[in-house]
Amino acid sequence: AAGKLAEAAKLPGFLHLYVGQEAVAAGVCATLSDTDQITSTHRGHGHLVAKGGQFNEMMAELMGKATGYCKGKGGSMHISNLAVGMLGANGIVGAGAPIAVGAAFANKYKDNGNVSAAFFGDGSTNIGAFHEAANMACALRLPILFICENNEYGEFTPRNKTMAITDIVDRAAGYGMPGVIVDGMDVVAVHEAAVEAAARARRGEGPSLIEAKTYRFYNHHGIQNLGLKYRADDEVAMWRERDPIFTFEDRLINARSATRSDFDDVWAELRADIAASIEFAEASPFPTPDQLLADVYTVMPANVMAATAS
Amino acid sequence: AAGKLAEAAKLPGFLHLYVGQEAVAAGVCATLSDTDQITSTHRGHGHLVAKGGQFNEMMAELMGKATGYCKGKGGSMHISNLAVGMLGANGIVGAGAPIAVGAAFANKYKDNGNVSAAFFGDGSTNIGAFHEAANMACALRLPILFICENNEYGEFTPRNKTMAITDIVDRAAGYGMPGVIVDGMDVVAVHEAAVEAAARARRGEGPSLIEAKTYRFYNHHGIQNLGLKYRADDEVAMWRERDPIFTFEDRLINARSATRSDFDDVWAELRADIAASIEFAEASPFPTPDQLLADVYTVMPANVMAATAS
Amino acid sequence: MTRTLSYVQAFNEAVRQEMAADDNVFCAGEDIGAFGGVFQTYAGLQKQFGERRVVDTPISEQAIIGLGVGAAVTGLRPIVDIMFMDFICVAFDQIVNQAAKLKYMFGGSATIPLTITTGGGGGLSAAAQHSQSLEALLCHIPGLKVVHPSNPYDMKGLMTACIRENNPTIMIKHKRLLGMQGPVPEESYEVPLGVANVLRQGTDVTVVGWGRMVNEALAVANKLADDGIDVEVIDPRTLQPLDTATIVESVKKTNRVIVVHEAVRFGGLGAEIAAQIQEEAFDYLDAPVGRIAAPFSPVPFAPVLEQAYLPSAADIEAKIRAIIARPGA
Amino acid sequence: MTRTLSYVQAFNEAVRQEMAADDNVFCAGEDIGAFGGVFQTYAGLQKQFGERRVVDTPISEQAIIGLGVGAAVTGLRPIVDIMFMDFICVAFDQIVNQAAKLKYMFGGSATIPLTITTGGGGGLSAAAQHSQSLEALLCHIPGLKVVHPSNPYDMKGLMTACIRENNPTIMIKHKRLLGMQGPVPEESYEVPLGVANVLRQGTDVTVVGWGRMVNEALAVANKLADDGIDVEVIDPRTLQPLDTATIVESVKKTNRVIVVHEAVRFGGLGAEIAAQIQEEAFDYLDAPVGRIAAPFSPVPFAPVLEQAYLPSAADIEAKIRAIIARPGA
């Protein structure tokens, strides 16, 4: 799965790229089924793909096409695919966590054995919605995983300016849930922690917090953003050294479980899929203006229509 | 100071009585000066009195009189007296803490050596505003005391239904501040902890969390409220045994630092003051309707007035 | 079989019947379980349906709405309670940016059968943070539906409709009407969303109002009948979607109209109603659309001030007499 | 000395000059310090005034507003930034129930010289949670003042007035106007709050608008002049308190009026303006007050849909031609 995520770097336009953090979404989602749910953030492509989203519909959505996952109405920041339990990227920092709590509540209510996972960044743990979600999940002992992707920055501001702690897991005890730190550049380490947390949740033992130490290779959004500097070159270089995909490949190769050419094939396939998805998206039609008022409600009330016609 | 607070039990009408928790406000405010600030909660009378508020203006406000601290516009839930640094009771759970953070910011900004203290209940620590305030205060290393009055209930719901932890101090580490538990029925214990936290804040070492274990003797609001039962009689009785005022009196008497008759005098004086304040309040005029639109703005804009006239 | 129930009992019965009929319906909120809610609107439900289906939550309005949104999008039919309407401000993002927009942002793939219940209105000396009427804020948000019953019958029927509705709805209970008694059928029924109720037929002037105010208006109308002033009184019941057609039809008959609400006048729902009436019945109007509402200030605590603040029957009567007196076109 | 500055530079200069003049003025918000703000509105201020006076905050909108309220009530003059207007929903309680009401609830003893700055408006394909125009929500709240400049000159003058104002103000920067160039005096000056600006005198019809829309209206007006249609264009600049007098005066002259805004039509500020106009100029109106606004849906992502969603110059021109064509009384 991790390999697949490399595609993020190829997306056009203004997007919050996931590149560098692929091991987190991949490691966590590998232990989730389509009937488990996740909520994502503004940085949602990686989570979507890891949860089983398809390139075609994703690429089409990013281009605002009618064939996209959201018919072009959501775009990057609201990309979702309920069919595989991806309850949406979210443009509001922290807002996904309470929704994941609701999904966890529904799973427990239906006793269906499913779990939900909320992905969020380090900076997001400073917002009230995160706090309320974490506490409520623990108070109600819900089957949920809180996955913090600590990439040390919120937009352009380093973590140490916005909190007096270094490790987000220090917050777990305040809610009464276990918390573990894992190397977010190591997909296996992330996966092992997620497997344990998911098993715990499915056993009815409640929420867990996993803090994955990771890094985003590109800018807050887009490749260059405003081109202003806020991270040291050697810091970026140091982390790029630890690229979660390439290091994982080397590891498998050294372990003789795969060969370089195996990966060459994966990459070739991947590039082909991506190229195909771009073709698909570009060939797809834009939504037509008559779709503007569709999907506001299940059925648009007649009097709303009337009041709407300018 | 603690003694004074006993008056709360004598207030008329629908009020969130502070009775039982007097040692907390008294113990904390005894180490604060008029230029230090506090923010309070819906349960604000005790905090006001402890911070130096007067019975007359308070009683008048509770009766909605023009001579009250808020000219009758605020009432119990918004009672305040900026002259002594009491920045207001608050009808919104958790909303006072961010305001106390702002006061602390101003104190640090002016480098005036003052500190602020935010009072809040156990249940309030589950709301986002508390979390954001605590984190911001720590991130900016502000001179502030977070005082949690843990009376084990939020309205009619016991703490164990709304959080998976027993001690609110477990949340302190998640923000990077020290936290201590004190016996909230022991005014001396509360005071000692507050003195240390205030000194720390004045030294520029940042926020502290003090959790005072306490109990409210009456109902969530009023004496009887709806009369519905949600606390065991023996639980209430057990706590009443530990009345912070009477136990403190006994202690001083046993220590020979005071005699029963000293306290009889205090109580007599107190009853007289309260009786006088009730007289003052009852004799005071109600605000006149022409005051309705005063104090919305420093100067009411002419066009607002115009648009307002029905 | 129809009996007399209070506004609160009518609410409670609607929830009880829908919970009995559909296991996907559950309730969550502060103090609603063991205690039955501070207004006792949820009284007895936890005893009957258990802690699984009637949940006491932490004081966490954002997470309460989020719980509802997440549970709704994954197949349940949540009823979540925000104790006082003023507190929707604390959860405003989850209501406005999440619950209301999720379906649209997802291209329609999500369905959010969520009901948010809350207590609004003034008149209890509860002051600035426990007395507001904020319906205008919610009605401005595409994706939400808003109801505000004025009597027990509408309460039960509208609440039933809200629970069965497949879009996010907000049920505003008026705190001053909680004890109001009225006839309520025992069997469950819906008062359809988006359909106004003409409480009184009249020919001289139309008064539009909701919640407690429309009851005041009706009393004034009945009183003025003795003076030969024939007032038509309309209760939209649902504020979003608004049944403009019924209002406009009435105005075309009476040629004069007044909107009354407890909310602040500037930017209140009365402004939208006035704007729509003059757009759709311009040539029928013999007088400007009148508005009676609260002045531009927070709700004061002192009873004397709050009485001066809230629109009264006297205000309604005076405005009716004034608009009738105005020479028409 | 007057030079050409951008809308962003005009904002920045106002803050810079007020900070230089008054040490009680400080700024706090997300990414505004070292980075200068995501729209660079605060660029260079931390370098000039230091970290004490230009503060990078955590992602905590409630605490950001609370920081401002608490610092204001204790004597400072805070400028706090909420990156996108959509995010006011996250801090809505602190804005609506705290900042706006504190003074009143305290019987006047508190003074809250707080300025909240935020970026509003659509047109960037930023979708439903980063494109809203929510001014109507704020204008309904007693205690707040709301400004929304349409050009660099007004931006500097209004921002200066906001910072010096002793009541909570909300400065809405339109995201699509950030790069707009215009003449701006170097010395500091105030554009008084509550005073509308007649951008163009006209006799046939009045168009009222603000932010980006009033610029569109002005362009249309100048174009229609060639066809002999003489349009008066009014920019209230301050949305609360609203300069109704200037608008009504204009309508009494032109007898026809259209309000245009980016916000959703239902419950938008255009409704209040329409309601007030028909109340105060009823006998002067030859046509219903017209409204041009967004339809009842969240803001869509796809550029084709967003273009269909946002009011356009074409919509304005069509509406003007239609209202002119309508036979008067």
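Letters are used for the chains, namely A, B, C and D, taken in the order the chains are written, and counting of residues starts over at 1 for each.
We adopt the following convention: a contact is a pair of C-beta atoms (placed from the backbone, for glycine too) under 8 Å apart; a residue touches a chain by one contact, two chains touch by 3 or more.
For clarity, every value in this text was computed on a predicted model and none was experimentally measured.
Chains that touch both subunit A and subunit B: C, D. Each chain gets a centre from the mean of its Cα atoms; for subunit C and subunit D, those two points are 30 Å apart.
The distance from the centre of subunit B to the centre of subunit D, with each centre set as the mean of the Cα atoms, comes to 39 Å. Chain centres here are Cα means. That of subunit B falls 35 Å from that of subunit C. Looking at subunit D, residues 57-58, 60-62, 86-87, 90, 93, 97, 104-105, 127-129, 142-143, 240, 242, 266, 291, 296-298, 300 sit in touch with two or more other chains. Touching two or more other chains at once are residues 70, 72-74, 78, 90-92, 126-129, 132, 135-136, 139, 161-163, 296, 304, 307 of subunit B. With chains as nodes and touching pairs as edges, the resulting graph is complete, every pair of chains being joined.
Looking at the complex, you find that subunit A touches subunit D at residues 64-65, 70, 72-75, 77-78, 90-94, 123-124, 126-129, 154-157, 161-163, 226, 228, 230, 286-289, 291-293, 296, 304, 307-308, 310. Residues 37, 39, 68-74, 78, 80-83, 87-88, 90-92, 95, 97-107, 109-110, 116, 128-129, 132-133, 135-136, 139-140, 294-298, 301, 303-304, 306-307 of subunit B touch subunit D in their complex. Listing the residues of subunit D that touch subunit C in their complex gives 86-87, 89-90, 92-93, 95-97, 100-101, 104-105, 127-129, 136-137, 139-143, 240, 242, 263-264, 266-272, 274-275, 278-280, 282, 285, 287-291, 296-298, 300, 329. The touching residues of subunit D, counted against subunit A in their complex, run 30-31, 33-36, 38, 40, 56-62, 86-87, 90, 125-130, 265-266, 291-293, 295-298, 300-305, 308-309, 311, 315, 319. On the subunit D side of its complex with subunit B, the touching residues are 26, 52, 55, 57-58, 60-76, 78, 93-94, 97-98, 102-111, 142-143, 145, 166-167, 193-194, 240-245, 276.
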